[in-house]
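One structure, pasted below without further comment.
Order as written gives the chain letters A, B, C and D; numbering starts at 1 within each chain.
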């Protein structure tokens, strides 16, 4: 028996495919689909976010991302709009018909986020925040667990096990780069995690090439690599004006670059028999 | 200006020395002192813990450690006694006159731990749990911040900055080994962090050779090295019967080994002009 | 000016494409081509190697690999046939018409290898063996430089610079996985190195998914990822009977698996406008 | 049986203590002794080196270091005086009566270095240069093997095993810092390697705090830590004018700082029952 029992292929041989709640079309995440999650690192203000969300819908994004609570290394950096930004996500969701994902950092925000967003994201810094994982295990809501900065594959799957043990089976794993000695890139994307996760577990895995590399020029090549390696999708940062983003501008695509990336991505996905996540 | 402004030497040139509340003698932590924190990884039951606490007091320990909330990689491992164990720490504190330190994992346990223990420990998995750090910043209670598994020196000091920014200046840093490629030891103790922290900041630093190595035979040599490098103390795991410990037995000293280690430690401390932490 | 001046895009904007000497068709390595190098980790005996070489030619391999001098961590492991195996490579080359690549470990073997093989490989353990690199810089023969186990991108390019400085411009870089904390895989393939090398330098880059992962089941997904990320080819270990290989059996493909991998690889290559390396 | 058989405690329970050839007093390296090796990173010219050597002898150094062949990351950096500098080492040896150690990078320099220096050093970049190790195994001359930048303890001991297997038992291991994610220091000194090597093997181990930290202010604290942890000595870089050194100036001590460091070092050594290496 694997230490991550409920997450293992031995426990469940068939792939877990998750249907994400959505105001419009249903969005599928898992084997057979190529899911594209897009949006800015942080929601900065209502006007820009809604405008970008509508543009991303037109360009084919399946799910909208937008951070409200930003875990910043420095207490002096922009920390996100917090609870006051929830309405913006709600509006973007209604406007576009797309489901939204945002990060939860504090158990005390669980109620408001549960009521208003479609996927709750556990950030890499909180991958081993077991109190938080246990609370998420009690919900009937999809959870995305980002891999910790230096978490082994086994530790990552044991974090998922904390959620599974509580009864919540709707888990998406997200590889976002690990910490190594290399300094040219922000992190080192562990592309090997993709086939490994597919062998060890039945859960979907997506890749975040924006955080993994920290450089927008590398986002498309790594997104393509992820899909070619068998990933079920990607999550990328897009900003209407990367040079003036309040956070992560250097790793953000423009909407135009996003559209190009997605077109190429779907070609690689087709070779691996993966269809777009949203039937339209 | 350093990114960790309040933590920096530039902001405060003189060393921060913390006086720990205690039922009996006052315990000093910081430059000029060699503090020895000892106890089991987890409090397992009342009888054993009280007995060991009394023994450790006799053997010269300055502060008692004992985990109630254990952040375990697997949800199937022993998770600690939780809130029901607080009374045991309170009793040990009263019996021995020594201050106690325990880890806080969940903001919701803040009230009970604040009221009953002398130092609140932030574990390495929670070093970047900023919601927790912000709450601790509002307290008038010493906080020990363990270095994250793959946290840089700068990220560690920025975690301290979150607490300092809130107004709480009573911070102890604890180097407990970082994650590297080496697999013979549980972690790799970054002994260089000791002189570096002393140069960059005014905060006290202690070393945890038990978690850093994972092997009890290495605890004494690394404890000696820490003090020789200039650390202000060590935190070691001691168990009355390491072979039957519910967690971390392999890295726990017996009381006899602890006594030997402490004797040698104080000799190295003397060379570095550090006196025992508790005046007796 | 970049520290790796001659290797940089600033020095030479156009991609270096290398024509490998070959008894039959010419083999191109560089932008626009997808080169497939295949063969066993080590040449074990004449019969098996020649048989496998012929099979690999039929299955579309562009270049044959076969180690004679094996840098083994333990002095008690099989060290390769050494100089006595050179004739086997020569025979395989003549039989198949394919160029051959083998590793050089010792400067004293330079004459015999220069005279008999088409590409000289510098292994990851010798990436900073500067005496060896300087000798290779004086040759008119392609050199493949594998990235050191924990070499940064910059150190790797500076190793290439040692060869370039001597006058030899025929350099192929090979990403083969770096050392990290992860233990499920032998190494961690740094897929980000592919787009990064393409941006920083004009030299071709290929990926070795066999050493990078240590698991044959991961070889095809990682090979696909490499090509999707923009790599100019892959080098894979193939063995007629992996279970009985004298070295690296666990990461070796059977000829059948190799054929499947190559077919899929060329589809991903086509999306990136890369054609097979050998015109046939 | 350990994979590093000849190096293991199981093969040889008693500590290996090596007597270094010397024009004057005999110098002992191993358990019971604290050996201090000092000198500049590179020999820069005759006058300065001889002058510094005489000063270091007065200040208590046991062995002189001085690099002739410098393995530099960039081909454009100062590469050392090479063979033309051998006479300078010979003269310093005669003047001071101290044995000398220098690095060998190329097998073709073996004859001249064997004839003229007392300890041959294998640098971290060449730790797995097996051709070189095999040649050193055939000599009757002490060899110092520096740990590779990302070598595990086991790989390091297997490098020693290559030399031992050839018949040469005079091996000194040198921990000089490993590569990690931390960037404040040049490398991360693995102080745990000291007690671990003492448990696993009978060979002496010394620590190089200069390369390990890259900062001269950290050299003394780390040297003290090494001795407190049980190391048999240290190797430190000393330069008469660190600000104008051709290499490694930032990590070099002045002669005055060296004298202070040594005085403190011997106090920690005494606690661990280690006496100065040279009887005088």
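By definition in this document, contacts are C-beta pairs under 8 Å (C-beta built on N, C-alpha and C of every residue); 3 or more make two chains touch, one makes a residue touch a chain.
Bear in mind the structure is a predicted one, so any value in this text is a computation, not a measurement.
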item	value
For chain A and chain B, chains touching each	C, D
Copies chain C and chain D - rotation angle from C-alpha fit, nearest 5 degrees	180
Remotest chain, chain A as reference, centres from CA atoms	D
Gap in Å, rounded to a whole number, between the CA centres of chain C and chain A	35
Interchain centroid distance [CA atoms averaged], chain B/chain C, Å	49
Chain D: positions in contact with at least two other chains	150, 179-181, 183
Residue ranges of chain C in contact with chain A within the complex	150, 152-154, 178, 180-185, 188-192, 194-196, 199, 212-213, 217-218, 221-222, 224-230, 264, 267-268, 271
Residue numbers on chain C that touch chain B, as the complex places them	150, 179-181, 183
Contact footprint of chain B on chain A as seen in their complex	3, 5, 71-76, 105-108, 125-126, 128-131, 149-150, 155, 158, 161-162, 165, 179
